[in-house]
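My questions all concern the structure below.
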Amino acid sequence: MTTPVPLLPGTELLALSGVGKTYGTVRALEDVSLTLRTGEISCVLGDNGAGKSTLIKIIAGLHRHDEGTFTVGGEEVTFDSPRQALDRGIATVYQDLAVVPLMPVWRNFFLGSEQGHKRWGGLRIDADGMRATTRSALADMGIDLPDVDRPIGTLSGGQRQCVAIARAVHFGAKVLVLDEPTAALGVKQSGVVLKYVTAARDAGLGVVLITHNPHHAYLVGDHFTLLKRGRTAGSHPRAEIGLEQLTTEMAGGSDLAELSHELGRPSTTPDPASDHSAEERPQP
Amino acid sequence: MTTPVPLLPGTELLALSGVGKTYGTVRALEDVSLTLRTGEISCVLGDNGAGKSTLIKIIAGLHRHDEGTFTVGGEEVTFDSPRQALDRGIATVYQDLAVVPLMPVWRNFFLGSEQGHKRWGGLRIDADGMRATTRSALADMGIDLPDVDRPIGTLSGGQRQCVAIARAVHFGAKVLVLDEPTAALGVKQSGVVLKYVTAARDAGLGVVLITHNPHHAYLVGDHFTLLKRGRTAGSHPRAEIGLEQLTTEMAGGSDLAELSHELGRPSTTPDPASDHSAEERPQP
Amino acid sequence: GCSSTGGKRAEEARAKASAAGGSAVTTPRWKVAMVTHAGAGDAFWDTVRKGAEQAAAKDNITFLYSNDAQTQNQVQLVQAAIDQKVDGLLVTLAKGDAMADVLGKAKAAGIPVITINSGQEFSARFGALTHIGQDESTAGQAAGGELAARGRKNVLCVIHEQGNVGQEQRCSGAQGRAGGAFQVLYVDGVNMPDARAAISAKLQADPAIDTVLTLSGPMAATGLQAIQDARRPVELDTFDLGTQVVSGLKAGTVGFAVDQQPYLQGYEGVDLLWLYRSNLDMLGGGKPVATGPQILTKENADALAEYVARGTR
Amino acid sequence: MSSPDVLVQDRERPAALRRLAGRPELGALIAAAAVFLVFAAVAEPFLRVPSLGTVLYAASTIGIMAVPVALLMIGGEFDLSAGVLVTTAALTSSMVSYQLTAVTWVGVLVSLAVTLAVGLFNGWMLARTRLPSFIVTLGTFLMLTGANLGVTKLVSGTVSTKPISDMEGFASCRWLFASEVTVGGLTIKATVWWWIGLLLVGSWVLLRTRFGNWVFAVGGDAAAARAVGVPVARTKTVLYLFVGFGAWVLGQHLLFSFDTVQSGEGVGNELIYIVAAVIGGCLITGGYGSVVGSALGALIFGMASKGIIYAQWNPDWFKFFLGAMLLLAALLNTWVKRRAERGPR
Amino acid sequence: MSSPDVLVQDRERPAALRRLAGRPELGALIAAAAVFLVFAAVAEPFLRVPSLGTVLYAASTIGIMAVPVALLMIGGEFDLSAGVLVTTAALTSSMVSYQLTAVTWVGVLVSLAVTLAVGLFNGWMLARTRLPSFIVTLGTFLMLTGANLGVTKLVSGTVSTKPISDMEGFASCRWLFASEVTVGGLTIKATVWWWIGLLLVGSWVLLRTRFGNWVFAVGGDAAAARAVGVPVARTKTVLYLFVGFGAWVLGQHLLFSFDTVQSGEGVGNELIYIVAAVIGGCLITGGYGSVVGSALGALIFGMASKGIIYAQWNPDWFKFFLGAMLLLAALLNTWVKRRAERGPR
């Protein structure tokens, strides 16, 4: 594994400044700024409904921002469709609209980036090649699916999520955007995803990672943006913030530790510090 | 808060024994057994695709089991529809089919259990009463939604999940079944849900809780069932297992700690033991 | 067995035949198919069919009926009849040229063809033995002449099947002779309330209209309703008959009806085929046989009532 | 932990206006107004009082069926048999009364039983076979079309029914289904009252009862509805029964105002009912819509189809104008809805 | 960490059988066989060689349109204008050639341009307005119906076109669109070849090209497809163009085999095309189906409609039989599919 690089002084990939977005009468984002450089993992954290997915959808070209500026590679853009974002090398994993349920797994995997057959000059798709690629990409994530012709809707929630992530990683060009990729995943699959994320960073990509799990975030993030009610509540490079502080900021002061105290379960540490922040404590 | 009761010797609410389920050619469950008593929280853990949701769907009456027996209150049953399960007091929060997107929040909240207006002999629904109840039930979970007439599809992923949980808790009669309720939730909302779960337990309900988060599970669970490839890989009452062991069993030996080591992030403890198992460690 | 009036005699013949345990003739059991361009459930075509069926019963003929309003489907039905190796074929030629090919095939297969109802101008060209029916333009002209004779100044012709050639011919034929102002209105013939509202609307929009000319029995009934709704003394005239047309004639709400004796078209069609097969006879030497137009007024109403109620006029 | 913590700001807007803006029928309301204004401007007779009666009558004969069809569509299903079912209702009623020489009310009641039975069949087939309703009701549509003709010929010997106006009970039936009142030149037909009645009941049921909640749910997401215990199959079946009821009403009107019924009628009207519902704001995929909207849709259709006649536009192009009208109304509808959603900025 | 770790056991079953069982057209195949057997048993003329030609011809005139309509349905959209568009194609071709006194090929090409333009219009309206395709194409349907009549009357003075069989180019056009070959009593019409051609191309495009993948995706979940960069609007527009192409082929066949064209025809056929696609296994909500299935659907429809004639069943009940046939075929279809999915137990 590569040596840690706290903040790689790469070129700027994309920058949002003062971005706002209103759905009908609901103000989902207001004056949010974020910069992403090559070789950097930027984490966005926040409560439910804080506007994280909205932010991602703007970057991915799914929604247009109403206010502020959005630049990609220094050039100001307003995406009309996800295609434009993809063409600029931004690959996204969405929280809720990842896949087409009735389509086979392999067709979903390659959707929008189908692989042409050499002999047919790319007109005919290379179904077998695509099946094999899909199978191996999933196997790498610990999902063994001999029959990639199954409709993806028959996979379990976590399996579906894995396909979406494997797809984004496989086709990710410059920027990888992930909306709560590990939420539905078990410990093992979460680990795989985080490894992918760091591998992408090490390969020089920029990654925007949304997660509710401050541990996951702190494990890989180089920069942390906290959203609250659609506004930036904090923006820290890794060097400036610890896991404990991050957890506290995220949870608005409360924490599971407190809860376990309340619940009075025997296993809980009476230590008022977060049980999760253990890893932050100086080694004994 | 009530004092901890590791295993309340209540009456048996439901029992599965040797249950199996096949989808077409996919064997999702095989010889799985589980017993739930009043005042007990039974956690089901397992990898992606292990069959957890399938198990829940059998209990909830959404799918029928192919093998084994399923008894509710000592009586053998095969549910044809979720209505039958609901009528026997089993309320469920599903991982993927929680709500009707186009319907207002309050209509979703009361769907299937609409509240009649007193003056109209229950024929006419009490819309205002239902709106108010929904608003307060959500506020209790930290979601302030003045306009409960919004289509629920316009809520964020986590907000939707909260509505589904609040609904099940509100109407839960004897058994509460939750499929990864905290996956999409932030630290604070997760805490609220876990508090609800224990409150339900303390009120004498039985709870089946599915989660990927061993911390959440261990915080509240009285019994732990581990699934692997559709089979029971372990079944332990709380007294017999510690959080560390649970985490290890779940992750199949690997863990985030290991991963953080691999990733070589500065914050990670070189301690080979799981960073998450900190709370299990004896107090300094 | 050549009759030109009504089904009474045919019915008696059939009654006699069935009493005798067979038909009135001794020819072998032939098979005759009739393929029309009728839509389903059309009262006019029901009468045609009745005539044909009664002649068939009398002539020991298996009668096959099929119909479709679309050209390509009617052609396919004719082809299916040829496939079944029928002994005679009755076809309507509302779609003119379109039937040329398939009738050629019938001829090649040695099946005698008689055309009925419409398409007189094509009949001989396509090799049919004869044509039995009414020329729509002629019928229209007859109606126009009668309208002029009755001094109608402003006529509304109601077409209930948009794009139907026969209906267009009736209206334009009438227009040519009527003299006064003449307008056309399209209504939906299978949606009577809507047709009724449409005719009322037209009468409300144009107070000069003094006559409504409908093209079928059921539409005449609807036209009467619409005239009632408009509360104006408007005369209704129509093509074809029906119980309500006859009672209208009697009551004076219907001015006149142009009839083409549909029963006769079916009856004669089958009967002439039988005659041709059994005796190589051909009425009129193959010249078209006209079954109309016949103008019926109040005077005829009483005499007609019984037959109309029976469904053979 | 229970402090409100999520941003949901409602912009300042009068509550009534906001309510209206969110309603499915707003677009249809404005489209209806636009169609009215167009014809008021170009067709002088359109504004006369008797014309209003004619337009209302035309709209009501669509609207009576559009109410249940809209409810069914909100419930996520189609009924292609709705058009011919009206004819079935009229034929049954007429033939039963005639053949039994009974009071016409007997036929009327038997007809109700038959239409409800067809609705039941549709709902049952849908639930049992899980075929799409498009296919099931297309099957029923064809079968009813055939049976209308076949049975009528079998019973009456012709393709239309015998007149029953001289039978006992005809007058009272006619009063109920086909009478009219004229007030100051405006003639209101019985269908208009029936329409208003169905509208009120349908709208109330949809918005104010538990059953209405289920209708939205089974149309919006049948799986989710089923999961929370909504009896999906039963809900849909009741909706089909309601369509049967509407067909019965309109069928009796047809019979008692025209006296005889042609067995081939009604084909194609099912599409018009669906159009009225869709223009009225119903989502074709279900789960969203309004009953009042369907009435506006019927009104738009009635005004457009009769307005073209009042305006004396070239009749050859009638359907063309109607299609253009429909598209424009639908366009205006969505445009208004999108504007309303975006709010007053 | 990369060790396979999830249970997916495939029961032992021959791969070919498993493949077939999962195909959308399996049910239709069995239903087609059943319909064939029924008529083979009850209708003696049905099995004669010439009858086969007639049935094939009937099926091909539905099948040519069912191919693009099925693709469109898999892509999640309807086209109610498909039926009259065929008539538009024939009318345009005939009138252009006649009025310009040009070689008939001129009319044929102009007609292609017109049908494609209509397809483009449908696709464009759909993308721009985001109205449901049901409404958009219903608008086009009405407008085309009106224009067919209006233009024909304007140009020809009557409601049908003038004969063009004596014009230059007619023979070659006829050869291409309306010729026939007879081999051993079996007459195969040109439409059959066109049908097979469209079938092969359509099926290949759907299953083996990138565009086909997009068709499945836009029908299955347009939002998800859009999110991964599929040009949703363009894909659907191309599908509408393909419908236009099919209508052009069939329209030219009608013109060159019947010489004149009636302007009022084609109404109602759009439903038959949709039925063929749905019986063939297409999901009405999009995202699932097959082109080959649509051919089987067309064949079932062709066999049933002509078989009833050969069997000499009472024509009054024709539609009834057709509806019952349709329901039974659809039932058999789903039953087979469910059995196949459940596997050999």
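Which chain is which? They are A, B, C, D and E, in the order written, and residues in each are numbered from 1.
What we mean here is this: a contact is a pair of C-beta atoms (placed from the backbone, for glycine too) under 8 Å apart; a residue touches a chain by one contact, two chains touch by 3 or more.
Treat the numbers as computed from the prediction; the structure is a model and nothing was measured.
Trainee: Quickly list, by label, the chains bordering both subunit A and subunit D.
Mentor: For subunit A paired with subunit D, the chains in contact with each are B, E, in label order.
Trainee: By number of C-beta pairs in contact, which two chains lead?
Mentor: A-B
Trainee: With chain centres defined as C-alpha means, what is the inter-centre distance between subunit C and subunit D in Å?
Mentor: Averaging C-alpha atoms per chain gives centres 35 Å apart.
Trainee: On a C-alpha centroid basis, what's the spacing between subunit A and subunit B, in Å?
Mentor: The separation of the two C-alpha centroids amounts to 25 Å.
Trainee: Calculate how many whole Å lie between the centre of subunit D and the centre of subunit E, each centre taken as the average of the chain's C-alpha atoms.
Mentor: 30
Trainee: Please list all residues of subunit B that touch 2 or more other chains.
Mentor: Within subunit B, the residues that touch at least two other chains are 24-26, 47-49, 142-143, 147, 159, 188, 191, 195, 252, 254.
Trainee: For subunit C, which residues are shared contacts with two or more other chains?
Mentor: Residues 40, 162 of subunit C each touch two or more of the other chains.
Trainee: Provide the list of subunit D residues touching at least two other chains, using ranges where the numbers run on.
Mentor: 1, 5-6, 8, 10, 145, 149, 153, 268, 283, 316, 318-319 - these are the residues of subunit D that touch more than one other chain.
Trainee: Using the touch definition from the top, list the residues of subunit E that touch subunit D in their complex.
Mentor: 80, 125, 129-132, 134-136, 138-147, 149-150, 153-154, 268, 271, 274-275, 278-279, 283-285, 314, 316-324, 326-327, 330-331, 334
Trainee: Please name which positions on subunit B make contact with subunit D in the complex.
Mentor: Touch residues, subunit B against subunit D: 60, 62, 81-83, 86-87, 92, 94, 97-103, 107, 110-114, 116, 123-125, 127, 139-147, 149, 159, 167, 188, 191-192, 195.
Trainee: For a test of understanding, state which residues of subunit B touch subunit A in their complex under the given definition.
Mentor: Touching subunit A: residues 1-4, 6, 23-26, 46-49, 53, 95-96, 142-143, 147, 150, 154-159, 161-162, 180, 183-191, 194-195, 198, 212, 214-216, 218-220, 242-243, 247, 250-252, 254-260, 262-271, 275-276, 278-281, 283-284 of subunit B.
Trainee: In their shared complex, at which residues does subunit E touch subunit C?
Mentor: 45, 48, 50-51, 54, 57-58, 61, 145, 148-149, 158-160, 163, 165, 254, 257-260, 262-266, 269, 306, 309-310, 312, 315, 318-319
Trainee: Tell me, which parts of subunit C touch subunit E in their complex?
Mentor: Subunit C reaches subunit E through residues 40, 64-67, 70-72, 75-77, 79-85, 95-98, 100-101, 161-165, 168.
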